[in-house]
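In the two complexes that follow, subunit A is the common piece, with subunit B as its partner first and subunit C second.
What follows is the complex of A and B.
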């Protein structure tokens, strides 16, 4: 049995990969910029995660993909929508979360999750790039500022301005005319982030406001977006350490469930193992030397099975 | 590593064979419309409410605007009309039924009217509608409807006589209000019935003949029976697997709503018999029914068959819908064949958007319970806001009262540029995954 599973979020702007061990711990993760047609970003992200973990694709027991390109990945054994995966990943990061706000490159979504961590209801942006990372990207270019710097500058806003259009193209026009009227960059950027927050609150209204609220997706790394959404929501946002990988983590966790269920017969818990051991001892059916061998599976990376394991197998087989 | 699109498993909807007859009936009807002027018939244009039996009885050729636009979209021939309308100055976000139909009106004027000498293309259906000799405006729920009629009137130089029937919104605000009951219901029924009788006088003026009431009674007796057959067949879709789908009932809208009445009763007899046979055989409308869904929203007429197959691939039987199950003579018991006018008025009043939200939502929840649905897919039509306005409330009610997930996608009635395939895929698949996860937890 293999010891790792992989989740891949094949997004529009970035590709994210998460590798888990069978205990559900993150062994490696990677985020790469996307080339949606060539798939270079996703290839890069998967390779980097594998390299970090010191693994090859053949070491992965189950690969699950999500995101807009989820059906394009040959390595994926199964694919799920980003709604299911982001909810699962976000709840794994923040176990008591009841609402997930995810703002990614191409879409923004709000997902309410029930007490089991299952999707109860969701709402997504229904047209164009309204309220998404792409919206910020277009406006960063219009204002000649690096995307990564936008949030910090926007937090310096002193005057409240308004950008009414959520169409990225028309908002760009509004931004340029505000700058032409002499408004400062921080004030205009504040208005840009406020517009995203207003749009997000509309989605929250559709699924119902409840907490704790966790924010995931690349935009969660933007402090001004977080500030304005918190202000609109009048609730604090819980920010995971790596908000971008929530979807890939969720995909990996679903893959892990699937892989465990399929290989249940090979996954013997310590409790079950000791119960078996004690039963064998009680029955006096065990030959000397077989005690203490925790499992029957041979690690595929080991070219030569260790003597103890081989012996254990031989013993078991002969016993059988 | 290979990056390549991996298509869905190929599965197709198991459409009712009998609905093919509808295609022939539709073709025959429009052929008749295109010949109407040559046969010396008066032509009436109308939108919205199914006043066609009043016209059919008087031997007037009837042209339902939405029906023509839907037919063009179903044949993927809507583009020219929509372009012509935009060139004329009608906004892209105007109801696309109206925009398509107005494009046809403008084309008609250019090729048959004031631009004499232009050579029409016989294969282009855009220009072929016969110009109206009268317009009857009888639209429930839709504010655009009357404006559409006014725009049509302008295209034809404001020379076409118009009769207006006002069909008021049912507020449902009085203490005794409810579905088909209460003081408001009785008053509005009388109010619309009075106007329909005045409309008959208008028809008499146009034809110069006394109105043939007996013919109307006979037609309405047939419509009542056809409606009963249709509802009986729909009811049988509570069976699991469902023998027919929302998309079969969409294909069956034209027969009940605007085709010539002779032939309609027989059509629904054939449909009912096939549905009964499927129930006996345990034959489903999708090859492997795993989910049962309710469809809230008006139809994407460019994508009827395509959507039916898409849901089949998801193993999802779309068993009922607001558009199909809450419209189109859906209360045949109200029609007295010996005095049908008040019952006709009442059926116009209960078009699915004309109720206040509490009544509308309760009716939808009732259908969801009856058909035992697992989820609701909501089509928000970009240019039909009348149908779309209450959809957030409907979704919330489905979630809170029935505990089922919903999924909303944006599209349109006849303008497919508003539709985005991947948005539909993501949203519906996410809902199905949520249903699946709940089932696993419950198990």
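What follows is the complex of A and C.
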């Protein structure tokens, strides 16, 4: 039985890969920009994660894909939507989360989740890139500022301005007009982030406001987006350490569930393993002619297994 | 099936060919409660006017964009001259937008005979049956005036029997659908019902009999993983690509209350007694058969009907198809949502539009819904 599973989030602007061991711990993860040919970005992300883990694709027991390109990944055994995977991944990162706000490259979604990380309700942008990373990208270009710097500059806003259009193209026109009127870049950027926050609150309204709220996706790394969304929500946002990999993590966890369920007969807990060995030792001790030294007796000098780590039987034993 | 699909795809083309073949008159009607039996008995071709697949063009000048896709498409077809085949148009007053569209079409087609058919919308008053009979009598008189010949009770009874036969046959397909193994998919079911709204009823019934024999002897379709009920769309047919997309997500549609579905064929007209009384009875019974949000009936709840249908069909959830700006649906939907949440039955709302629907995004939502239903089932 293989010892690792993989989740791949085939997003619109970045590809994310997470590799888990069978205990559900992250062994490696990677985020790669898609570039012009999206398939290359995904391959790069997968290879990087495999290299970091010291593994080859053939060492992976189950690969699950998600994201807009989820159906295009040949290596994937199954695929799930980004909504299901982000919910699962976000709850794994923040176990008591009840609402997930995910703002990615081309879509934004709000998901209410139950205690098992299962989707209860969801809402997503269904018309255009309004309120997404792409919206920020277009406006960063219009304002001649690096995408990564936008958040920090927007937090310096002193005057409250308003961007009324949520269409990226029309908003670009508004931004250019505001700059032409002499408004400062921080003020205009503040308005841009405020517009995203308002749009996000609209999605929250469709699902129902509740907390704790966790934010995932690339935009969660933008401090101004976080600030304005918190302000609109009037609630704090919990930010995972790696918000971008929530979808890939969710995909990997779903893959792990499937893989473990399929190979249940090969998996036993440490306690079961110890009890089994002790029982076998006791059984052997009663065999006529036995010298009283059970073959499988537990040697107290041996290192004990790590608690919680699943173990595979030898194949001959499992079929016995 | 090809002939059903052809009529469903080009209803006005079918009407034109029928008119050239028979030399008889064609009456186009707004949807909902038009008694096709009466127009059929008056020796005309009654056809329910269908939303066109074309984008709205000249019609933009007559109706605001916040009218539903059906009404805007009706006006657009009228402005573009597509309704030339119609000898008369019958309007109804089921909602404000239909009334607005009726006015716009009347302005555009001053030479086309207009028949306005108004029905009482309060369904459980002591006078509802009587007032409905008055409406059907007036309509009969107007049709007689239009064709210049009386409609005999015997002819009306014959039309009622033919229409009942047609509805009954389609209901047999719906019974098969409940098993989840019907060889017809949602698009094919829509072709059958939609063409029934358009084609000569005798011709349609004959084709239907052959289809049913074929379907009943066909091997059962492979069951998909999730059984769902489709609800909504009171006037226009959901776009075939939306229905296909839903099924591609691993869904078996086991029932619906769509107008281009079970709503259209749910109820028969009594075949005995006074035919006008029978039509009035049919109108009342339709609202208990499949409740309509445009009618008012204190002892009937659409949400309760839907929950019951889902139990009967052993559906695991429901997809609501709401035509954008459909006011009766928007008004009633919160009650359906609340009832379904209370009953713990998963449902997904999809707002549909005449054009510009982002199918890929919709597919992600439907796939997620299917995943939610499966997870709940497994939990």
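Going forward, the second predicted complex is superposed on the first by the 279 of 320 C-alpha atoms of A that agree within 3 Å, B and C clash if a C-alpha of one lies under 4 Å from a C-alpha of the other, contacts with A are read in each partner's own complex, and residues count from 1 in each chain.
Keep in mind that, in the parts below, a contact is a pair of C-beta atoms (placed from the backbone, for glycine too) under 8 Å apart; a residue touches a chain by one contact, two chains touch by 3 or more.
Quick caveat: nothing in here was measured; it's all calculated off a predicted structure.
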| said: Applying the document's definition of touch, where does A:27 land relative to subunit B and subunit C: first, second, both, or neither? | reply: neither
| field | Partner chain(s) touched by A:139 [first = subunit B, second = subunit C, both, neither] | value | neither
| query | Given the touch rule stated above, what does A:83 touch, subunit B (first), subunit C (second), both, or neither? | reply | both
| field | First (subunit B), second (subunit C), both or neither touched by A:251 | value | neither
| request: Report for A:116: first if it touches subunit B alone, second if subunit C alone, otherwise both or neither. | output: both
| field | subunit A residues touched by each partner, larger count belonging to subunit B or subunit C | value | B
| message | Using the superposition on chain A as set up above, list the residues of subunit A that contact both subunit B and subunit C. | response | 68, 80-84, 116, 118-119, 122, 124, 126-127
| query | Hey, which residues of subunit A end up touching subunit B in the complex? | reply | 38-39, 42-43, 46, 57, 68-69, 71-75, 80-84, 116, 118-124, 126-127, 206, 208
| said: Under the definition above, what is the set of subunit B residues touching subunit A in their complex? | reply: 1-7, 380, 392, 395-396, 399, 405-410, 422-423, 426-427, 429-430, 433-434, 437-438, 441
| note | Per the touch rule above, subunit A residues touching subunit C in the complex are 68, 80-84, 107, 116, 118-119, 122, 124-127
| Can you list the residues on subunit C that touch subunit A in the complex? | 358, 360-362, 364-365, 367-368, 371-372, 375-376, 379
